[in-house]
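These notes concern the structure reproduced below.
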């Protein structure tokens, strides 16, 4: 699991980030927390994308993860960071597993849109239910870590970083297993995969469930680092679009890509918002189009070109 | 070693220490104030832009020392302020992230603004966590200071309970024989709270009237109210309460007007003030109109030096009369000046908070008393009037304006608004 | 015909699409080690038969038993697991991947059943098997080429190689030589049939080319309008009047066009 | 209910429902047509709506200020829809989408999402944040009393417009040579090419047609609302819901989907307002569970 270049890089990066985070100003730590929390969901979308599936509705699972944290906090007063994360991942993963029975039969645009439709049902329910916080959402109390309440954001940052990188390692491993390698193969020829003796539906169901667990975990971490959930920022279709945007921006080349892409997105948005409070959407949209048109491999492909393919796989 | 050297070294050390501790010993000559408001989306036109205009106008005047007395000193504790405009759209969670950036990355000195209750509700704990001096200008929900004690967060206008209690009182005075009432409010905290306060108050003060069993709660930004208008037309209730604002408010007025709704029913618009200047003769006569306090059209003719300055300067700069949000943002900026003048331009967040806590000051249109929430939540009078189109001048005016003192429409310190109304509004001095 | 007990027993197979009858009254026993050629004009029901045996199409009526086990109702992959594989008329391979990658996927699926699918794919053992397959199917020179850049013949070889890595007991080849040039076809079939014989696979193949049929099979099934009109050794079949009229004649006619 | 019989109440609900259904149908027809022919879920559809509304409101206001008769408003509405549809549709299809047809369908959706973000802010830059009013056409048509309550005629004409759009689409698809070609392309793009149809032209015209319908939705609704930034976002959600319920790519589906949602919603508003908000999503959820392709999903060719 640790013996390839990517894995070694991840371990090294983890070390550097955790030490660096202790000295970095708060806002930089924040950017990394938001970026890495989101990256978890991107990692899952990358697993799907490699198989040619794009979900335009993963805010459903992102939101479920975030709201699981909020509701546990309000109803039961659960504040432990690990319990919260677990809850987010389990709730989203269970929902994903169940929805997966429907989704695994669909491909292409129908897959993308059915996901949107399902996420919109959740959005509609949350927005219209006062006990679920309606449009206002909930504030979330500070997370505790195994019983102790940290003074600063740094411990949460370290945890998010470690969880992010562990997930990257796990996904990196998964992508090398037999079912994990069934990506391009499924995209190229499902019939052959079936005739070889593997159920495409099962493979996609597994990938889908993995992606939903990761999206739920991402939502939970995001809720914890922001201290707030609301449907507009967590479940709406624009959030799904944003997740896909970052996936495309990152590129499918490597499990590290989502983390880099997510950070770039976070910084881009912060500055777009700062420089042009009335036209930041325009900047984001134009960037998005540029990436789709001119950098189809995302940031990772740019890095590969820069590094002369040194880091490739 | 000679003395000079020692003195120099000590001096250097002291300067370094002071510099490191944030340069606190030096009075600043410039501060930055972040002003979030809706710059995009449906709330920008009726709310966000007038609010931003009000804030800028007042800040510029303060920087130039041009406000009427007693605020004619230059600057904020002498420092000149830069306004950093910011979009409030995109949901509370995004605002939380942006707020952290404002404080931790852009190092603003004060944050003054916010229109949406959802945003204020989300940001209050963050402001406390970051220990950042913050004034909420417009947002309405009473929960912010009723749920928790705040140290760094203030609100310089009355909360939504006042709007609806005052509306109920005005209705009682004007329509004592009212039998039934209904409402159409947006389906989120703002709409739900507004209806609840109005309904509870009427139940207390007009036991002879009763609410319809079919009150409408359409989605915010729905824009199409055909079915609701039919349902309310068929309803027995003679009065319709709404806390609609922005584009929804205007769409509802257009559609209701075209169907004669407001000829058959009494309309009570708690946030109608913003529409008065914008709709011209499309605004029906005879609406009960509020402006979330003594602002906008309700106080246009209040003849004080501060108000005259505000109205005339605004009209010169932007070509229209100032609406409620302009007043509310303007007075929040004014409160910032008051805090800085008292605490000094180099004041810490704690000192600024101490300076504003419990203060009483003359704002442009009314007196602001920071009396609730341990001195963090303002109380003001609240009023309503009835719309009438003045054909001669081609503009809307309000007649029969009546103001209720703060102590009449807001609960005393330490009491939750809902409990206070339910308990018969004890201690209200009207 | 041999005297071994049959490993594939087809009984009263019927397939209709609305009013169209695609297969009717099909009764065949196949014994272990046989090489059976399936001939017939286009639309005679050959591919339909292959599709039904491999579970891609469900028959309207009838039974197909493999080693005594009923296959009807099983999904294609379950039939692959049971020991029946197939190749395709138009090669069904992963066109944007290299030959090695194609075979590695096939090998990994064949080797890692169930939860093992979550173990690493690229093992030394699998690499060893890969080298074996590349060698036997003469694909070494192409192992790093992307499939979409390959000649038709190489693709068909790969298609067949992928079908056999699961070590099937029966292999169905759907027109293995279609799209392969006249000069290459015997070399091609020598590679394939040699490798299959080594593994002792029972082979059924659909074929239009009577030269290939005459040379490689020991039994012929001739299809006409969904029915088997002849089931006999190749020499006899090629001389059979009915076969000549309904199968070969049309075949020649078609080729002239 | 006041004075009215049950029949009157039912009539009111039916009219309310029809009116809302008409609105839903007009805004979703363009989306479903573009999807049916081009397999593009056009997220920028909301922007067509918004641009239609802004263009109409802008010119209605301008013409009214110039003292021209208010009846011009109706011409402006139609002109605005066509101008917006032709210009925006042409620019987007020829400038961007054309270069993406060989790429993944899903990437095209994403491109339209990017476009949506860009167009939203361009509206802001072009028209500013101040809302526009264009009440003149609504004021021109009077109100009538029906079923004991007053109705504005303008709102009722919406039903006529929706019916016209529906009949127009039906006629175009089933009664013209063009429709036959279109149906071939809808069924299978490759078949269309094989039949010698100029598919790129069909795509361009379809996209422009869909954009005109999107613009018409906005332009026709403009007089009844305050035309303000962000009004396109809501429309995407609603029209998407209709299309999901009806079956993506089916005009009849969009019509039935609109009717189901519109009438159920009207019943809820009148009889049980608390559940009004859930109607759209409840219908959608039920359809998703039992018929994920929607009620009227068009047949898909099987390609293996």
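Letters A, B, C and D mark the chains as written, and numbering starts fresh at 1 in each.
To be clear about the criterion, contacts are C-beta pairs under 8 Å (C-beta built on N, C-alpha and C of every residue); 3 or more make two chains touch, one makes a residue touch a chain.
Since this is a predicted model, take the numbers as computed values, not measurements.
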>> Please identify the chain lying most centrally, where each chain is represented by the average of its Cα atoms.
In response: A
> Which of the two pairs, B-D or A-B, is linked by more C-beta contacts?
Replying inline: B-D
>> Can you work out the whole-Å distance between the CA centroids of chain A and chain B?
In response: 38
> Between chain C and chain D, what's the gap in Å when you average each chain's C-alpha atoms?
Replying inline: 52
> chain B to chain C: how many Å between their CA centres?
Replying inline: 78
> Multi-chain contacts in chain A: which residues touch at least two other chains?
Replying inline: 127-128, 191, 278, 280-281
> In chain B, what residues contact two or more other chains?
Replying inline: 39-40, 187, 219
>> Where in chain D do residues touch two or more of the other chains?
In response: 120-121, 124, 129, 233, 277
> With chains as vertices joined when they touch, what's the shape: line, ring, star, complete or other?
Replying inline: other
>> Once the touch criterion is applied, which pairs of chains come out as touching?
In response: A-B, A-C, A-D, B-D
> Touching chain C in the complex: which residues of chain A?
Replying inline: 173-174, 176-182, 184-185, 187-189, 191-199
>> So in the complex, the part of chain A that touches chain B is made up of which residues?
In response: 25-27, 30, 34, 127-128, 130, 134-137, 139, 142, 226-234, 236, 270, 273-274, 277-278, 280-281
>> Going by the contact rule set out above, which residues of chain D touch chain B in the complex?
In response: 1-2, 4, 9, 12-13, 15-17, 19-20, 23, 120-121, 124, 129-131, 133, 135, 138-139, 143, 148-152, 154-155, 221, 223-226, 228-231, 233-234, 265-266, 269-274, 276-277
> In the complex of these two chains, what residues of chain B are touching chain A?
Replying inline: 39-40, 85-87, 90-94, 96-98, 100-101, 104-106, 117-118, 121-122, 125-126, 129, 187-189, 192, 219-220
> Which residues of chain A touch chain D in their complex?
Replying inline: 52, 54, 56, 102, 106, 108-110, 112-114, 116-118, 120-121, 124-125, 127-128, 191, 237-238, 241, 244-245, 248, 278-282, 284-286, 288-289, 292-293
